[in-house]
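Encoded as structure tokens, the structure appears first; notes follow it.
We just call them A, B, C and D in the order they show up, numbering each chain from 1.
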Amino acid sequence: MERKPIKKVLIANRGEIAVRIIRSCREMGIHTVAVFSDADRTSMHVRYAGEAFHIGPSPSNESYLNMDKILEVAKKAGADAIHPGYGFLSENAEFSRRCQQEGIIFIGPSPEAILGMGDKITARRTMINAGVPVVPGTTDAVTSEDEALETIRQIGLPVMIKASAGGGGKGMRLVKEEAHILSSLRGARSEAKTAFGNDAVYIEKYIDSPHHIEFQILADSQGNTVHLFERECSVQRRHQKVVEETPSPIMTPSVRAEMGAYAVAAAKAANYEGAGTIEFIVDDKLNYYFLEMNTRLQVEHPITERVVGVDLVKEQIRIAEGNPLPFSQEDLRQNGHAIECRIYAEDTDNNFMPNPGTITHITEPLGLGVRCDGYVYEGYTIPIYYDPMISKLIVWGKTREEAIERMRRALFEYKISGVKTSIKFLERIMDAPDFRKGGYNTHFIEDNLSFLMAETECAYECENLALIAAFVEYTTQLREIEQTMSPASSRHGSDWKEFGRRLAAWRL
Amino acid sequence: MELELNLEDRKAILKEISRDGNQITIAVDDEIFIVDLVKVGPAEYSILYKGRSYNIEVVPGREPKHYTVNTFYFTHDIEVVDAETRYIRSRDNATGGHASNIIRSPMPGKIVRILVAVGDTVEVGQTLVIVSAMKMESEFKAAKAGKVSEIPVSEGDTVDGNQVLLVIEPAEEA
Amino acid sequence: MERKPIKKVLIANRGEIAVRIIRSCREMGIHTVAVFSDADRTSMHVRYAGEAFHIGPSPSNESYLNMDKILEVAKKAGADAIHPGYGFLSENAEFSRRCQQEGIIFIGPSPEAILGMGDKITARRTMINAGVPVVPGTTDAVTSEDEALETIRQIGLPVMIKASAGGGGKGMRLVKEEAHILSSLRGARSEAKTAFGNDAVYIEKYIDSPHHIEFQILADSQGNTVHLFERECSVQRRHQKVVEETPSPIMTPSVRAEMGAYAVAAAKAANYEGAGTIEFIVDDKLNYYFLEMNTRLQVEHPITERVVGVDLVKEQIRIAEGNPLPFSQEDLRQNGHAIECRIYAEDTDNNFMPNPGTITHITEPLGLGVRCDGYVYEGYTIPIYYDPMISKLIVWGKTREEAIERMRRALFEYKISGVKTSIKFLERIMDAPDFRKGGYNTHFIEDNLSFLMAETECAYECENLALIAAFVEYTTQLREIEQTMSPASSRHGSDWKEFGRRLAAWRL
Amino acid sequence: MELELNLEDRKAILKEISRDGNQITIAVDDEIFIVDLVKVGPAEYSILYKGRSYNIEVVPGREPKHYTVNTFYFTHDIEVVDAETRYIRSRDNATGGHASNIIRSPMPGKIVRILVAVGDTVEVGQTLVIVSAMKMESEFKAAKAGKVSEIPVSEGDTVDGNQVLLVIEPAEEA
């Protein structure tokens, strides 16, 4: 195998993940190239990278998804590799192929691996052949309604109808009653057609209290594949992960070893190279089934980094350079417990509506066991065009209990003004008895909504102190104004600098 | 100095009794508070009250004399009511200003679609405008029936938080 | 042994260590009480604690060293324990005794243990009795000059004369030549008399290329004592530690095991309870000798926390509550490598002169493997009365090399304006070949001063860009002024708010 | 706009050639720079130049028209020299202002001892004042021989950085 040291990486992404990737590159002595859209000139990844180039208008399909432009910048800047982060072009087989053609290393899997795992039905078939357990259901796309009815009769209700090209919950229908089978099938297909231009669907047994548990894998170009244990991702809202932790509170050592071995088998079956994630659906009895493979770095990768003690971005880069993995499965251990909370700019009291805007003040949590991966800064305006995630807060503790207490402490310290955030909501999750117990499944948020959304009352004292602070702020301003407007001071009318300084003080 | 402050539905009268450096004595309605209060940042106050330590942030609101005050877990909208405010308010009441018929964008975003035109009659719950922000689309619906009298934005516009999207002249009361 | 849960802790300290202690208390659900001097009303520990009380004027002997006042506040606030941090009252036997008398738990050792280890000669004798190797020299204070001469003849030159009650390099003399023995002895005694009111000195063999290596220990009230491995603290300037790391790059597993066992023996010999540190002096051949015991939490404790995975403040509190240690020696492992840099407000180009002042801007380093324990914030004025340490930057890496690269990355990200700091100097240490090699001793800074202080030249380009930025700043201000002063805008002369807003913008 | 700027010993003439949003073309002496420059914070600029990304902080200095400019590793003192500055300078040269005879405190601290009195004659290297800050005492010595003409501080005073501690009237040149 040829080894080619990477000297300069273009990061085809923005936000916290771009900053996070640049950090690892810096530590490796690798030069970095940022790209940015109109909306992102002042974004942290542009300021933090060694070089930065404009690639187009704000909407991502005209910038961060513009392969031609990104490849053009990579060549102009002399980048020998591109890291796609997550989202955008990270799971785009065409982009992986274009990089290959241009002689630029794509820090991610081959186009074939992306394609093979991107199509759910192909992926499912590959896993069945490799002996990995999958949810009972169809192996092929369902082409006729009769076939669908027959399959459902075999599996038994409830079932889930899913778009073959799907993702993000689109083209998905849960069917619990016989009477709804046909209407759900038609609905799923028409939605899939609209969303993905492809109405192929498949049918799976519906798992009733599902836990979403995924395994991180790393595979080098020499055929070595290891797993870095699991992540529990069952705290979800609208199929979007909100809190992740590792180890999973429901996992046992023997099931972990089994699932880990299947995750490695799955990656090998896909001829996978790089960092990837095998998602499983797990029921309350710890029966587990392959769900899908994500052929990229996950948002929640830091909890694995903390507990296993590995920098996953560095490993991705080393694999892309053609190096063998520096460790074998036996070298890897889980040490303590890590939790990640995703901090969104959103109004949790108003149906979680996104809340872009200007950050007027930010205090990030620090200290023992706390990692904060963000990208916003004081004075930065979060653009309206992209994901509302501000940062990821990751804590580590010797035990799960300590990690939860540390997360509460860190959320308490985390202050962001100017935009509404999910911080308070996340604190409620940490306090929820169902979360503390640890046996929660993907219905957790739904089931605990009244607890999570409960209006906590501001004590009478806290209300009065808020009034006092506003009173003092107002009267202090007023006094300053009167002082400056008074005849005594207007004598020095020409001293605009002093005047400005005073006004500045009030307005601040 | 004595002032009326509104905190959401609550009306409170605050009166400064004395001030000696950071030590301030203030009456809130009938209760006396002796606090050690110091401004430690552009908008941040540190208050010690009965030994307890509080961090309170006072951010100027979108309108003059309005403040957004963040205490530990809570966000309060506080308005200072002075003579000018009272005057404006009485005038508005006299002319019957109906703020609730103004549809404002609660966040910055982009106008995806406007489903009505000036002069249209709208029903309660009818979708008027769709705004997109951060990969999500939000629909804005009519809270009252009436006639669209103004649409100061166009499709494709980028709007700020709190910007007026649409004004509805309410239907005559039956 | 009686177990008494601690519900409220008074922190008899300030700065980063007070904040760090409050963090652990918060995670344990323990209420916190801060105390502050005149100069510290706006200090972070006051803002971050649950309660805060004023204890006196700015000079520490009138506030942070005022036992009566601190105990009075503890009783008033209903604190059942006091954590002294490091410095101030942390190694004051009288304070430990006063707490005992008042029925308040002192989170630290007994008065007897502090006294026993505080007097160097007593400590030395205890260690000899316990079989712990000590530097060859006198066991008793030297009372006559003849005795001194005789001892020195026995040990052989070079020797070190040290004040018995000493610390911080005061009352200390290195003697290399016979001719200087008497003058050095007299100098050391008179300096000791002035500094500590006690002219007792002792004489030790001088170790030529000494490494300062210390072992962290924890001892509970049930007689269990463990060590948490070593810290390498040889990067020192004027006997002040600047950079610490663990594991020590010169340590071998067998020497570590031996020294660890001696550290435990030393703590047991002192009847020690709580967290403590056994300092050793180690020569290039790994001969090691007991130097002294620090009966408190050390500034550099976080590197041990990171590598061993233990929260030392929590363990201190649990021990003070009467709980047994939750782990035995066999449970403890060193995992990876950690380095700490101490960030001082000082002018490294001007003889390291302290540089207090107002922080106008601060960006703290974040991301994988980085911990920043500080206390200053934007707008905060560092007082002139206390230690110039702003924060401690701690990084972890899987290997020593990764830790060094991560520290460089973190120092690069760390931006503090308004005061001068040691950040650039610390970056040079990370780059120094002697540091990278790892075999350095306490002469490291002295020996590498020309490398560490070398003037790096700002490239012509960087100078020109600095000029451009200043030009744009000045001309932008000028334009704004002209605009506001113009007749067109003065028509709206009464709109003072808009005017103020604009002026504010320029002045910022 | 054309201006003279001093960066330590270097004198440079800067001239703005064009500006289009963030894109600024500027001549520094004879070299042309095309930069993408945007202010991202109260004192922080982000500059893209030849693709490279720079963060430069421009902090107003203690005196007007003086700036402390921090680039990655370096701190520069930059002065804008305009007509007014030139006038003041020529006047000072005419009257022979000797700034070097003013002893200033380089940092905030507390005056521990003043070892001379107004009217005293001092030698080069003689210790004049001892200032304490952060557990360290620093001695300030005379750089030139002369007579103490002013001591605007007293023992026990707390002083700011750059505050004048002592003024020495230089001895007549031999």
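One rule holds in what follows: a residue touches a chain if its C-beta (ideal position, glycine included) is under 8 Å from a C-beta of that chain, and two chains touch if they have at least 3 such contacts.
No experiment lies behind these values; they were computed from the predicted model shown.
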Item checked: Chain centre separation in whole Å, for subunit C relative to subunit A (CA means) -> 38
Notebook entry, point to check: How many angstrom between the C-alpha centroids of subunit B and subunit A?
Noted result: 33
Notebook entry, point to check: So how far apart, in whole Å, are subunit B and subunit C when each is placed at the average of its C-alpha atoms?
Noted result: 48
Check: Which residue numbers or ranges of subunit C touch two or more of the other chains?
Finding: 48, 377-378, 507-508
Checklist line | subunit D residues counted as touching two or more neighbouring chains | finding: 41-42
Notebook entry, point to check: Chain adjacency by touch: line, ring, star, complete or other shape?
Noted result: other
Item checked: Every chain pair in contact, whichever chains are involved -> A-B, A-C, A-D, B-C, C-D
Notebook entry, point to check: Can you list the subunit A residues touching subunit B in their complex?
Noted result: 345, 347, 350, 353-357, 360-361, 384-388, 415, 417-418, 424, 456, 458, 461-476, 508
Notebook entry, point to check: Which positions of subunit C touch subunit A when the two form their complex?
Noted result: 19-20, 23-24, 26-29, 48, 302, 305-306, 309-311, 335-336, 363-364, 366-374, 377-378, 398, 402, 405-406, 408-409, 412-413, 481, 485, 496, 499-501, 503-504, 506-508
Next item on the list: Going by the contact rule at the top, pick out the subunit D residues touching subunit A in the complex.
Entry: 22, 36, 38, 40-42, 46, 48, 51-53, 55, 64
Item checked: Touch list for subunit D against partner subunit C, complex -> 1, 3, 5, 7, 10, 12, 14, 16, 24, 26, 28, 31, 33, 35, 37, 39, 41-45, 47, 49, 54, 56-60, 65, 67, 69-74, 76, 78, 80, 106-110, 132-136, 138, 158, 161
Notebook entry, point to check: Which residues of subunit A touch subunit D in the complex?
Noted result: 33-34, 41-42, 46-53, 76-77, 377-380, 497
